[in-house]
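By written order: A, B, C and D. Residues from 1 in each chain.
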Amino acid sequence: MAKDIKDLGWNELIPGAALFSFSEPVEDVTEVAIDERPYSPTNSHEYSVGDWRVEKPVFNRDYCIDCQFCWVFCPDISIISRDKKMIGVDYEHCKGCGICVEVCPTNPKSLLMFPEHLENEEALAKWPAKEAKK
Amino acid sequence: MAKKYELNEIEVWDGNTAVSHALRQARIDVVAAYPITPSTPIVQNYSKFLADGYIDGEFIMVESEHSAMSGCVAAGAAGARTATATSSQGFALMVEVLYQASGMRIPVVLTVADRALAAPLNVNGDHSDMYLGRDAGWINLCAYNPQEAYDLTLMAFKIAEDLDVRLPAMVHQDGFICSHTAQNVRPLSDAEAAKFVGEYKPVNSMLDISNPVTHGVQTEEDWHFEHKARQHNDLMNSKNVIKRVFDEFKTLTNREYNLVDNYKLEDADIAIVAIGTTVESARIAADKLRDEGIKAGVLGIRVLRPFPFEEIVNALSNVKAIATMDRSAPGGTFGMLFNEISGAMIGSGKSPIILNYIYGLGGRDTTIEQLIEIYRQLDDCARSNQRKYPLQQFIGLRGPKLSFF
Amino acid sequence: MLEIRWHSRAGQGAVTGAKGLADVVANTGKYVQAFAFYGSAKRGAAMTAYNRVDDKPILNHEKYMRPDYVLVIDPALTYTADITANEKEDTKYIITTHLSKDELIKSQPKLENKDVYVVDCMKISLDTIGRAIPNAPMLGALIKVSGMFDLEYFQNAMKRVLSKFPQKIIDANMAAIERAYNEVK
Amino acid sequence: MTKKIRNLKELSLSNDRYEGANLMCPGCAHNIIVREVLNATDDPVVVANATGCLEVCTAVYPKTSWDTSWIHIGFENAAVAIAAVQTTYETLKKQGRLPKAAQKLADEGRDIKFVAFGGDGGTYDIGFQSLSGAFERGHNFMYVCLDNEVYANTGGQRSSSTPIGASTTTSPAGAVSYGEKMMKKSIVEIMADHGAPYVAQVSPSKWKDMIKKVQKGYEAKGPVFINAMSACTTEWRFASEDTIAVSDLGVDSCMWPLYEIINERDEHGIIYRTKLNITYRPKNKIPVEEYLAAQPRFKHLFKPENRHIIDLLQKAVDIRWENLQRREEAGV
């Protein structure tokens, strides 16, 4: 789409308000990773809800065991995992619910919530030590 | 591959039989339907055609009219040619989904055997269901006899599915008075009909999985208005496609259709405006008046939506007194035709005398005598250039005369 | 315009009879109409069916009719239905009964001085078709009384109308038509 | 074609067909359920959605969160919508008129899977007629009920899925009321009694159990019903990070037992055996009270005058759990 959607007049709209996921055909979407898809400008993937967050999850690679609990339970497809490896958090799509932190089984946790304004480096520097078994 | 159905040059079909053959010949992919008097025989015949091998598509006998229309909309979104039939209470149950069909731009064809709405319950013909759906954003074509019900059903697919239109279309016929009345019908052969209607052209099909599509979105105050404007614009402009399809049909069959059906209006002083079988009965009455030297004419609404504004104004521009005949309980105001014809005339700077007659509710017989009496009232008004009768009158009613204004 | 009114009980085949007649007539190049009054009443209720026949397209959709022929295919309706409603001076009545014409008029005085024909469609249909479906014999009687068609032409036309039925049923109907044609008085 | 998923790492190789930046609440279980349903197969999936939270948050013009074809028509017709789409697929396939990509995958034995999502309002209540009709007719699709036991989309009104004692906006707890008065409708059994080949209850927190059942659903011939517990952070009023924890409490208290009902049918569709399998047995069946205590919608039940409702709920849960075990043992 050449024009930005919000600048379209009534006469330029697709009849029936149909929306398309991609801007070109994708024969088998299950074969194409999220980073490689030709998303259409009307795909919500192209938008951000990052500003919904009050706190953000920060990922610490040092403790992660790649169990993928955070990946499967993330409601917002915001845990970036490739080839069975946890890579990080997609801050454009993460709403800061905190489920990933709750389900993280490591000790200390490899995901923790920090204030939104804190830089990730600072957060990693403040990472707590292993908790003693209760 | 469906079997060919051998047809005679002239068949004696009631409106329902005629429509069911048109549906069969249109090679529909999915019919989702639910029975209701008087449209039931349409879906019964259709399922019998299917059982006998005359149809390739699928028939889903659903559990309600709401599901029937929902099934048609969804199948349409998935790339199927779809159609269904209904009447009255079933139509009322469909209404929610009628708006979804037009808003989602799915070219469903709905054949309606028009019938009264309860309460009190009544299975006979009037236009209450047609009026209930008139703002639903559909193309509305009106038949006056079984031949027209057949012809218009075939044409409805071609109009609705046109890439410049992509809007659903209804074909109306009067319940029982047309739907159950057998008359001479000249059908097309299966091959001719299929060629005329053409192959279905899917648009934004859900089954094109390489191009996933989202149908039936939510729009709020930032977008709803633009989408409804686009929809209205396309419905208004569908007039051109309707005219083109009417012309193509005439070339094929020599049967002529127009947005409005004018009978002896060129020099008419008085005119009846009506929809359905009454249009034809009124022609008999008009001829009787003309035998007496009174210049009477009839305007039949062939296309109710998009509203044929210019055609109506042109046809009635020299008429002095007009009867607008509404076969639906007006519910606290004038009948729809009165309001719309009045609006059209006033909007074009004309000021004929316009009267509103409410008639034929619940299948009440509408006689030639009554129509003659309406013409006499019009004639009386036209001669004196005075409105000498109430604006709204109920005719054929037992008890004291009922009129307003 | 020729107008015909059928008096029948729902299930006795008046609608089929009216449509069958229309079918035959349409193929002679004439225009036809066949319809009925329906209510919500089920099988057994008294009902009426109608035919119009004309040389030009039929535009009249009123139900009101001044019949040229009144066909009564159930014997009891002669007494319980308003069979003379909207009659014309020369309306012809063809009535199913086991009585003679004189006996019938005596039992129903409002038929006095009218053009009345009698035929026992019930017995004929039971004898030939095996069921009390008196529509086919009534058509045979109508053809005779009206002189609309000759018997053979009408039978051949009806065979085509009935073509989707088994041969046995077609034959039985032909026999019924013929007997009524010969027996109506 | 059944996707091989032996463990979570294998599942995590899935390329999601559901997108972020949708407008669902943070921590919403609906999203977790949708992801598990879609990621359980690599076959193409086409979705119908009843009106509800999922629908209004994933297709607000001009944005869609679906990378698969999707349709919404109304609140009460998701089942017939997907049935009609599936019927279209069948007839176009038979007539050789499928779009190219769909035809190619069909030739590889990867037929499109048809899924409908509806909330408990669209499933237990307003959509029940359409759902029942579509099941009776035997269309080949999977209906997934996102059961959050309340009309969340419209602000938390009771549905026929709301459990007794829950406070909702139309069955609020008050000075003289303990909240919802009716027991929850047994939708799983009702749907199984339609003769459906496969019916199951799942919780997204037990991902492996859920994926396995969804896969059985995809394989089944005929209509499949999956009732998915969808813990609602907004209407159940727990913190957004606790969705999985609350779901586990539901499962471990047996308020939300995980089981499946299989109607084994011969080639004529005659059911010759019905089997009920409990698919998850809590090691320690925790008291219902623990589940209730985690959700402020039940807070008022802990007042002395309402404690009898907790006892009632416990009794109902125990009887049901006992019955499920008996049915399983008896193989009926």
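We take it that a contact is a pair of C-beta atoms (placed from the backbone, for glycine too) under 8 Å apart; a residue touches a chain by one contact, two chains touch by 3 or more.
Predicted, not measured: the structure shown is a model, and the values here were computed from it.
Asker: Leaving every chain except chain B exactly where it is, which of them still form connected groups?
Answerer: Leaving out chain B in thought, the network of contacts falls apart into A, D | C.
Asker: Compute the centre of every chain as the mean of its C-alpha atoms, then state which one is farthest from the centre of chain C.
Answerer: Farthest by centroid: A.
Asker: By the contact definition above, name the pair with the higher C-beta contact count: A-D or A-B.
Answerer: Between A-D and A-B, the larger count of C-beta pairs in contact belongs to A-D.
Asker: Among all chains, which one's averaged Cα position is nearest the averaged Cα position of every protein chain shown?
Answerer: Measuring from the global C-alpha mean, the nearest chain centre belongs to B.
Asker: Could you grab the centroid distance between chain A and chain D? Build each centroid from C-alpha atoms only and quote it in angstrom.
Answerer: Here chain A and chain D have centroids separated by 24 Å.
Asker: If you average the CA atoms of chain A and of chain B, how far apart do the two points sit, in angstrom?
Answerer: Roughly 52 Å, centre to centre.
Asker: Could you put a whole-Å number on the gap between the CA centroids of chain B and chain C?
Answerer: 34
Asker: For chain A and chain C, what's the span in angstrom between their mean Cα positions?
Answerer: The computed centroid separation for chain A versus chain C comes out at 80 Å.
Asker: For chain A, which residues are shared contacts with two or more other chains?
Answerer: Residues 17, 19-22, 25, 27, 29.
Asker: Give the residues of chain B that touch two or more other chains, as numbers and ranges in rising order.
Answerer: Only 104, 209-210, 212-215, 217, 219, 223, 227 qualify.
Asker: Pairs of chains that touch, anyone?
Answerer: Touching chain pairs, listed by label, are A-B, A-D, B-C, B-D.
Asker: Could you please specify the touching residues of chain A with respect to chain D in the complex?
Answerer: 5-6, 17, 19-22, 25, 27-34, 37, 42-49, 52, 66-69, 71-78, 81, 83-84, 90, 92-99, 101-103
Asker: Which residues of chain D touch chain B once you look at their complex with the stated criterion?
Answerer: That would be residues 44, 46, 48, 55-56, 59-62, 64, 66-74, 76-77, 80-85, 87-92, 94-95, 98-102, 105, 112, 129-130, 132-133, 136-137 of chain D.
Asker: Along chain A, where are the residues that touch chain B in the complex?
Answerer: 8-11, 13-22, 25-27, 29
Asker: Which residues, counting only chain C, touch chain B once they are in their complex?
Answerer: My answer: residues 18-19, 22-23, 26-27, 31-36, 38-40, 57-64.
Asker: Which residues of chain B touch chain A once you look at their complex with the stated criterion?
Answerer: 103-106, 166, 204, 209-215, 217, 219, 223, 225-227, 229-231, 233-234
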